[in-house]
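Note that chain A is present in both complexes that follow, paired respectively with chain B and with chain C.
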Partner chain A sequence: MSLSSNLKAIENKIKDLGGFIETVSDNTVIVEITKDNLKEFAKWLYENNAFLKTCAGVDEREINSRFTLYHIFGLDEMGIDVVVKVSGSDKDYTPTISDIVPAAEWCELEARDMVGIRISGHEDKPKFILPQDWPENVYPLRKDFSYDYRPQSEFSKFDEELPKEVGLPIGPYHPILHEPEYFELYVEGEKVVDVFYRGFHVHRGIEKLAESPRFTYKTIPFLAERICGICGFVHSSCYVLTVEKAAKIEVPERAQFIRSIVLEIERIHSHLLWLGIAAHILGYDAGFMQLWRIREPVMVLAELLTGSRKTYGINIVGGVRRDIDESKKRKALEILRNVRDEFKKVVDVLVSVPEIVKRASGTGVLPKEDARKLSVVGPVARGSGLERDVRKNYPYFAYRYTSFKVPVYSEGDNLARTLVRIDEVFESISIVEQLLDALPKGPIAVESYEIPPFRKAVGAVEAPRGEDVHFIITGLGRPYRWRVRAPTYQNLPALKVMLRGAPLADAFLTIASIDPCFSCTDRAIVIHDIKSGSRKFVNLFYGRRYAGR
Partner chain B sequence: MQVDKIAKLTKIVTIGLKTGRVTIKYPFGAPLVTESFRGAISIDNTKCWGCGACVLICPPNALSMKFEKDNIIIEYFKGRCIFCGMCADVCPANAISVTKEFELASTDLEDLKEYVIHRTSKCSICGKPIGPTSELRSVIKSQPVSEEYINLCSDCRKKLFAKAISIRFGAST
Partner chain C sequence: MLISILLILLLPFLLAPIYDSIERKVKSLIQSRVGPRGFIRSLLQSWFDIVKLFSKELVITGYGILIITMLELFLIASTAILLQILILFNNLIVVKTLFIVFLSISTAFFITRSIALNNPFASIGVFREFHIVLSTESFFLPSLATVLFINASLPLKLMLLIIIALSCYVLSSRIPFDIAEAEPEIASGVNIELSGPLLGVAMYSLHIKRYVLSEVLSYVLLKLFNVHLELYTFFVITLLTFIIWITTSIISIILARTRVDIGPATMLKTMIILMILTLLIYMLTVK
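So, the complex of A and B:
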């Protein structure tokens, strides 16, 4: 089907339901619909193979004195983003769509906590993002909330949170990943029967900070880069991509190529890091050492091309700040050749080590249907048989000029996710080589640009961990609303499916297997009903801890 | 078959032996950074005008500007710096250069701060501060006849201009 016929189908459906199409641009369709028909439209989209990307609550009182909830769906097969807009006053209840699209639960709760949009179906759920001692009726992402306001803490409220029974706590730091997390695994003997996750320990309010007068369009890429320590360039790329889409800025081709090259180098280093850590978790330290040795030249290469080992800082709206000259290009190709040879040798050994293969195969299984329901992204989706890759589905930057395979494995276990990442390293090396060979001539940034206010855009970039989504409503001098959805946000709920019923000893590898990035996600709370052995998505949030209330 | 498998595992030993030691004796030996590395910045006091473009662009607010009675002070605090080099990109006087310095640890906070102090020029009529003297000097260099009115504040300049116009149209001096 062509784009226009898809649009026709969407238009017909939305007209049937009494809504209308607000704007159509590039590959984004923004539709507005009434609250009563939201569920039906969401169901229709979901049945037409749309994945829920995220939703964003926005305080639009300054524009049209309403509160708006944007549900962002992606029709992967057609490469269209459908943004469903529902608005109302702060007294109105918006129906939840999480009974139809389970992946919507987290972001709906986030909109409830941060913006104060009332969502029917979520009234009695505990605080999700905000700490338990946060005062009632104070919503940080509303425009009348000053970004430097610090409410008083009431420690007594934390006592209510304490569990009635004691499970096995993992956290506040993962023993190997060194990231803030908190899991409680409820076990019967050696078997995990239930999982509790409390996240958002390091919620930094970056979205709010970007709306403050401290930041402008020019400086936010540097803030976005600091959302994640491993895939920071993804966030700054996604931010500039979204702003450029909203303002319709034509970015020079050379800049697009350089961005893609650096993104792929970041993917290589991230996957090598993860593979090393996976080997370390399984007690194969020789592999860990060798993989990290191979990773070092990749870091040096990143520094050579951008000026920094991490947080490259070369993205600006309208282009990049560092060029790649001939000598750098030669050096890069040489380093990549070595990395490929060395990686091949080590990986050959790695996938034949019995302690790795036996412990990774058959553990942490995520079936395809659950992966679909939770709209998981990245290697987790591809390890469960879903062929989802933003680079293929929604081509951005210079990916349309390259040819590469998207590795897909259908087993859904830890080994499948490992193999996906191993294959991707080879693919990424080949992509960088192709791009370096075809690097076009020309400027690397536009001279000047204008960003008109109150334009909306959705941008997605494939991070090493999956699809990273940014949603922007432009404002004056800085975004009016900037919504960031890190890939781990989408993948964390899948852990519950992977962990339940599995032996405790596999839990650490399984948690690590989604390559979680808690700091960039930081939003959350999840459990599952202990009694339901089936994989039904009922009572997603009422786990053991809240069962007694 | 079994022998093959075991033989494959032992390859890691060959890889390790062939590679040898890769850790280096830091801080001795060759420099760790490549030619394009961005480190701390250095500000050339003699070139700086004190215009404050770097202060406006600095994402982490590592550069700040203070206004005192007779001086305008630009402070560079390395503790906040993210080494992005945006300030060097925007500096109109090319006073800021990016160095390769990254070993900045110190026990004294003052070691991490650098100051550029500019004298403030004052309006020759009302005495209000106008801006850094060096900035005014650089304006004179690029703009002819500007020395006629550069030592006046914007209010006094407007008044003089209005007076000149009114005289032209016949008002009494």
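So, the complex of A and C:
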């Protein structure tokens, strides 16, 4: 089906509902619709196999004196993004679509907290991204809120931060967690009966920073790379992809290839890391040590190609900063060959250890319908039978020149997600080899570019954890609005489904199996200076001890 | 003579951490990493760790945790001494009885920790340990008593050896059965509120427990061959203890951890089958 015929269907539906199409570009359609028809249109999209990617609230008072909420849907089979825009004043209520598309709940709450868009259906819910003692009617992402303003905390409300009944606290600091996250598991004996999740402890205000005078289009890739430690390159790639889409910049082929190569290398090392962690959680330390030993050459390879083991810093708008020459190519191929051989041996042992198979299979099950409703991404989706992969559905960079399989398992348990990641490592190694062989000649960056203001674009990149979505409204010199939706943000709500009714002993493997990356997830703004920030953490932790064991 | 007997009685207390250090070195070699570095550390690393723990501040978090930890050490130490006496002087029935009593108490004493500590993780750890111990001890102790007190036929002794070997492995808090204290989500479970000297005492008790269990197994192994247990066989037993310790550690390195519901259920099924087979063999071989 071609774009125009799909477009026809959307156009007709829009006409029926009285909205209008604002822009069409490449594979993005931006439609504007009134509040009353939002639910119906969302329902129609959902029934036509659209997945909700995210939604972004924007303070557009400087453009057209309105507050706007953008819902971003993706039609996977056609590779089209549909951005649904509803706007109004800050007194109007936008209807929620979370009863039709449960995946919308988190991002709508975020828009409500950060921009102050009122959403009917969410009035009673407590603050989601911001802490409970954040002052009322102070909305960080509004344009009149300066990026370095520090509001006073309302200490009277602080007790509301703590849940009334206490279960088994897992976090914010717990030996097994690598980042602070707060799960309360209510257990009866060894069975988990309910889950309470409170995240967003590591909120750093990246979206607001990007709009501040401190950053420009040129420097934001480096900011984006620091969104996450393991998958930073994904974020910077997605940012430059989105900006290039918005400004219609033609990036040289060679740069696209290099970006894809580095993305796949990041995927390989991230999956190896995760497999080691999973083995460690299951007590199989021998597997953990061996997998991380195998991961080391991949880090060395990254350093060879980009100059750093982790935060590469090679992405710029319009290209990359470092090139790959012949000797590097040869060395890279040799390293990858060794990694593949050793990895095969370790994996054969890993899946033959009886305890690992017994503990991972049948646990943490996410049924396909729930996966669809919550619009999960990445290995979590592929382990539950959903064939979603951004590299195939919305091809970007150089992926259309490669051929690879997308592993899909239908059981939806921890073992399925593990096997998906194992298969993906082999596929990634093969992709890098194909790309290195087919590397075209040419420049690695455009000479110059112009970024016109107030263009909108959506970009998505397949991170090791799933689909990473960036939405940009370009401004003057820097984005007007930059929305980042990391994959873990989309996958975390699925944990409620996976953990309920499961034995406690599986809880950690299940939490780890979505490969949570809380640095990516917790990006809403909590503006503290260092002193009150640390005081807050201490209070939260100490408060737990007194909150009635 | 007295000095040599004293030395023999003290042997477990000196050797247990040394064997643990060697186990750690073996583990690191299997996992392709360095581990305790150098010859001295390969032998004495666990001793260094215990000494270092004793140099830290004593923090007592629960009422009674100090007494309970010291009592655990006392009980397992008494068990170890009784085992040494049992091996040296074979036919003292009082010693054998006392040994079985002390062994059963010291492996079950951990339950008191959950009373002393008001900590949900400790309770869960105790709960899990309870499952494991319950599924093995009820078979372990009668089999051990049979071996100690009765002169059984060879097939019967072989079956009992299998039960005892399995139990000794399970009760030694090793992967796959260390779910009470090593499972990451319960943040070291039963050991959660121990630190500094208390943790040092608890670790030392664990080493002695492993020594006792390995030595019990080597004793039963020798009994299989009807060897008269005298002083010179003592050295054989000490050597066998070392071999059994290292073998069980290698098994634990290549396996992963089981789960609180899978582990005890598997153990229970296995033990029941073995017990039935033992009874059958007994009925077939008795005249």
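We take it that the second predicted complex is superposed on the first by the 518 of 549 C-alpha atoms of A that agree within 3 Å, B and C clash if a C-alpha of one lies under 4 Å from a C-alpha of the other, contacts with A are read in each partner's own complex, and residues count from 1 in each chain.
Heads up, the rule we're going with is that contacts are C-beta pairs under 8 Å (C-beta built on N, C-alpha and C of every residue); 3 or more make two chains touch, one makes a residue touch a chain.
What you see is a predicted model, and the numbers here were worked out from it, not measured in a lab.
Upon superposition of the two complexes on chain A, no clash is found between chain B and chain C, which fit side by side.
When the shared chain is aligned, chain B comes close enough to touch A:K218, but chain C does not. Of the two partner chains placed by superposition, only chain B is touched by A:T306; chain C is not. In the superposed model, A:D506 makes contact with chain C only, not with chain B. Once the two complexes are overlaid on the shared chain, A:R293 sits against chain B and chain C alike.
Legend: residue contacts after superposition of the two complexes on their common chain; A:R322 is shown touching chain B, with no touch to chain C.
When both complexes are overlaid on chain A, the residue A:D348 reaches chain B alone and has no touch with chain C. Applying the stated contact rule after C-alpha superposition, one finds that A:K245 touches neither chain B nor chain C. Once the two complexes are overlaid on the shared chain, A:A279 sits against chain C while remaining clear of chain B. Annotation: superposed on chain A, chain B and chain C show a minimal Cα-Cα gap of 5 Å. The residues of chain A shared by its contacts with chain B and with chain C are 286-287, 290, 293, 353. By the touch criterion given at the top, residues 27, 30-33, 118, 120-121, 124, 127, 175-176, 178-179, 182-185, 187-188, 253-262 of chain C touch chain A in their complex. Looking at the complex, you find that chain B touches chain A at residues 5, 8-9, 11-12, 15-16, 19, 22, 33-38, 57-61, 82-86, 89. Remark: chain A residues 168-170, 174-176, 189-190, 279-287, 289-290, 293, 353-356, 358-359, 503-508, 549 touch chain C in the complex. Per the touch definition, chain A reaches chain B in the complex via residues 214-215, 218-219, 222-223, 286-287, 290, 293, 296, 300, 303-308, 311, 313, 321-322, 328, 345-346, 348-349, 352-353.
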